[in-house]
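Below, subunit A partners subunit B and then partners subunit C, in two separate complexes.
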Partner chain A sequence: MLGSILDGIILGCMITLGGLGISYVLLLQNYFNFTGGTFFTLGAYMALAFLGFIPMGSFPLVTFGPGLILALLLSMVSMALIMTAVDKLLYRPLRERGSPFMFFYLTAFGMLFVFRSIIYLTWGAQLKNYVSGIPTYMRFAGMSITWDEIFVVIATIVIVAILYYFQYHTKLGKGMLATANNSELAEMSGIKNRDINTLTTIIAGILTATGGVFYGLTIQLRPMMGFTLLMAMFFAVVTGGEGAILGTFGAGLIIGITQEFGSSLLQMLWDATGVPIQMGGYKATLSFLLLVVILIFQPEGIFQGTPLEK
Partner chain B sequence: MDAYIAALLCMGAAYSVFTIGYNLQWGYTGLFNLSVFGLAAAGGYTSVILTTSAAGGHIGGFGLPYIVGILAGAVMAGIIGAAIGTITLRLEFGFFAIATLGLGKFLIAIFKNEKGLTNGVWGIGGIPKPLSDVAGGYANWAYGGISVAILIVVFLLAQKLVNSPWGRLQLAIKDDEHLTQMLGKNVWRYRMESLVLGSMLMGLGGAMYAHYQGYINPKSYTDIMWAFLPLLMVVAGGSGNNKGSILGAFVVWGAWSVSEIFAGYLPIASMKIPHIRTLVVGLLIISILRWRPQGLIGRKRAVSSSTGE
Partner chain C sequence: MAAENSEEKEAAETKADRAGEPLLEVEGVTAGYGDIDVLFDASLQVNQGEFVVLIGPNGAGKTTLIRSIDGVIEPKQGKVTFAGEDVTYETPADMLERGISTVPQEGNIFTDLSVKDNLMMGAYTYEGRVEKRLEMVYNLFPILKERSDQEAGTMSGGQRQMLAISRGTMVDPDVLILDEPTAGLQPNLVTDVLDAISRLKEEENLTILLVAQTEQAIPMADWGYLLRSGEILVDDRAGDLLDNDLVSDLYFGG
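Showing the complex of A and B:
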């Protein structure tokens, strides 16, 4: 029971990373990136492809070795490149033509299926793993957690901290926020909108790839892994507030725990009251139901405020 | 070849009805409703449960006639559409899209998990096809005729609707929401009407498809077949144009099903073929959006030609 809270925290870390990728696109370019979940999957599979050439090596305690770190870095680079290329080829013309919102969404929706089919074509439908080793568990207070999972949690916290520092304490990060707030004013004060857009897309690519690799490391690689998390990522973005790093992290953890712990809690409730509902099939929809509730009562998100006010 | 044309009539007509509803929401009112595959499934399942004869394990056995079934399917989809609208219509554009995508997935999750209702992943078979006992070997032709007749009725009604003041208002809402609001029109109500009517047509299309197939399960209504492929039909025909939607539905479905035949001759593993087709459809959608946003036969901006683009 308590173990599912830990599972939720680990899932929440990946949701946060994927959600931040979507959040940055939303912040600067004003559309919800439906392709975000599929890029997440692609990032994970990219690392798998690189691992075909890189010897894994080994680290103490965890199942993976330095090879995976290198593959992760390469996957970050390739996702940044892919997402920038997509942005420049498809979205920039729309932006500069001043096309209606609809076109951004339709394009993102189309890209979702394009990349999904590419993933299926390249890697097939079967489940895959980076490593076949048996992870070492750490047990305390009746719960067990693998060292891989501990690595994921710590790495996520480090990444969020670096991102936070970058966004609020460097010139480039502040320029990014200024552009999001008022792009014309920012342009006048010498910040190039195009550069900022590219930078944002690159950051989004890095975060998305990391989230995907972490998911592949702790759970499994499967072609629909990102799409099933898409609703949870949207939850983190909407609830956390666009571009608000800590808000997204908090919301990501909340939704991760809700999915894992909340569904087993509800299952106990249904079993006790005799309602014949099996929660297993509804785990992924739980995040969405929570999202709808929040959208109805708090359409601006929970952790409100424009990111500049911090 | 004969069999192929009959099948094309049945499927093309079912998709056309669905696409007219889709186009009403996306093309006319500008509602980016992503629960469409769930609505098609709701229409299909309602009709199937009402028309099949008794089967163990799930509710059913009503054995009602075809026409009652598909109309009930449309009404059920309309009711679900109204419920979805009540929850989501006050939301902004992007939030609306997310919330409806989630609702669509939720609907499919219900059809998959509530075995007492739908027999779960095993699906429901033995769905009656009207006139099949009379027509014998020409069952598909007879059903194609019925489908096309339904399509003609739906098309005429839809044309009447979109050329009425009501239809022009929908275009006005899409082009400039605030201006329409300033004219004293209740934007929310018009959107809701479009959402419900569109959902009913989607339910009807989903039901027509179910009776053609004779067997459905939750996988019959995937997002690829009932949200993504219809998107190409609408975009290719030109959004905001009912004739374009029908043309798009027949052309796209024709190409989709022909590719299945030809794919057999290609030296590719059969597992990969569905994904190659999805890839091609996706690339087509994106190219049309990028280079020819108005589609094959587009629509000129009807109301405020000075705003936008």
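Showing the complex of A and C:
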């Protein structure tokens, strides 16, 4: 039971990374990138593709070696390139024509199916793993966590911290905030919108690829992995506050824990009462329910306006 | 430089000649939005070191003229040159690189950022010591120093204008274009803001193009233009502007 809280935290890390990728695009380019979940999946598979050429090697405790880190870096670069290409080819013309927001959503939906098909065509529908080794566990207080999972949690915290520093303590990061706030004035101040948009897409690519690879490492690779998390990412973005790094992290953890802990709690209830429901298939529903509840009672989001935001 | 310029200016004024070399020139610009033109064949000139005021009633096309100059919109016809080079189709960021900084009338601050971050964004492309610029701005408007951590969107109208002017000045431009910095301000604030602009011009050796509705701005300027219904109707020494019938119609009714 308590273990499911840990599972929730780990899932929350991946939701945060994928969610932040979407959040940045929403903040700077003003549309919710529904393709975010599929890019998350693609990032994971890109790393798998690179691992076909890179020897894995080994690290102590964890199941993976330096090969995975290299594959992750290459996947970040690939996703940054792919997402930048999509942005320049499809979204930039829409932006510069001042197209209605619905065009962006339709494009994002279209891209979702295009990239999902590419993933199915290239890697097939079967489940895959980066490593075949058996993970070693660390046990404490009756719970167990693999070292791979500990790595994912620590790496996510480090990434969030770096991002936070970049966002609020560097000139470029503040330039992004300025562009998000008033793009015309930013341009007049010499902060070129085009450069900021490219930077945004690159950051989104890096975060998305990382989230995907972490999911592939700790759970497994499957073509719908990112799509099933899309609802949870949506939750993290909406309730965390667009572009609010810590808010998205907090909301990501909340939704991760809700999904994992909530579903195992309900499963216990169903099992005890003999209701034949397997909660495994309803995790995204929990995200949606929690989102609805929060939007009714706290429509400005749970972290907006709190010190967590900055 | 400042002293030299003002001396030149004084000398030139006595000769009833226009001071300085032409710096920013707008020639026959027609511009508008979509199919609708609001500016027709407008020409304007700002010389090095000059204080030029552009006046006109609401809807005359003043902001459209400014936006055509600084690259926010592209003119349909005509030409904008800066220091002899054609800059008609350059973006606002390009214009800034050339030394022309604009303070727009609306959306002229980053409301979500702190006062200090607004100023820092103003100095985004400034290559010298930013602290010096901050000090200069804080000297001009001490209230901005007091409120440096405050979110800019929470400030009053007058303070916003001070911040907006300061943001535009942080980059140490050669030309500062101000689009109605006194619009909607109470009379004593109008005087304060205009005084600050005068001081800025002297201290920073700026060339200024000021768009204004208030006649208070006219005596401060060297040269003035009256824009009405998209056409430049008066192009004269600022000192003579108030005697012009078209101008007095505008301010005192005809």
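Keep this in mind: the second predicted complex is superposed on the first by the 293 of 310 C-alpha atoms of A that agree within 3 Å, B and C clash if a C-alpha of one lies under 4 Å from a C-alpha of the other, contacts with A are read in each partner's own complex, and residues count from 1 in each chain.
In the analysis below, a residue touches a chain if its C-beta (ideal position, glycine included) is under 8 Å from a C-beta of that chain, and two chains touch if they have at least 3 such contacts.
Because the structure is predicted, anything quoted here is derived from the model rather than measured.
Trainee: Between subunit B and subunit C, whom does A:113 touch in the aligned arrangement: first, second, both, or neither?
Mentor: In the superposition, A:113 contacts subunit B only.
Trainee: Touch check for A:177: first (subunit B), second (subunit C), both, or neither?
Mentor: Only subunit C is touched by A:177; subunit B is not.
Trainee: State whether subunit B or subunit C is in contact with more residues of subunit A in the superposed arrangement.
Mentor: Touched residues of subunit A are more numerous for B.
Trainee: In the superposed arrangement, which partner chain does A:126 touch: subunit B (first), subunit C (second), both, or neither?
Mentor: Neither partner.
Trainee: With the two complexes superposed on chain A, say which partner A:273 touches: subunit B (first), subunit C (second), both, or neither.
Mentor: Touch partners of A:273: none, neither subunit B nor subunit C.
Trainee: In the overlay, answer first, second, both or neither for which of subunit B and subunit C A:31 touches.
Mentor: A:31 contacts subunit B only, not subunit C.
Trainee: With the two complexes superposed on chain A, say which partner A:238 touches: subunit B (first), subunit C (second), both, or neither.
Mentor: In the superposed model, A:238 contacts subunit B only, not subunit C.
Trainee: Between subunit B (first) and subunit C (second), which, if any, makes contact with A:97: first, second, both or neither?
Mentor: first
Trainee: Would you check which partner chain A:291 touches, where first means subunit B only, second means subunit C only, and both and neither mean what they say?
Mentor: first
Trainee: Show me the residue ranges of subunit A that touch subunit B in the complex, using the header's touch definition.
Mentor: These residues of subunit A touch subunit B: 26, 31-32, 34, 90, 93, 97-103, 105-107, 109-111, 113-114, 116-118, 120-121, 124-125, 231, 234, 238, 276-278, 281-282, 284-285, 288-289, 291-292, 295-296, 299.
Trainee: Which residues of subunit C touch subunit A in their complex?
Mentor: 70, 72, 91-93, 96-97, 101-102, 104, 107-113, 117, 120-122, 124-125, 167, 171
Trainee: For subunit B, which residues are in contact with subunit A within the complex?
Mentor: 26, 30, 32, 34, 87-88, 90-95, 97-99, 101-103, 105-106, 109, 112-113, 116, 224, 228, 231, 235, 271-272, 275-276, 278-279, 281-283, 285-286, 289-290, 293, 308-309
Trainee: Please output the residues of subunit A touching subunit C within their complex, sorted ascending.
Mentor: 171, 174-175, 177-178, 180-182, 184-192
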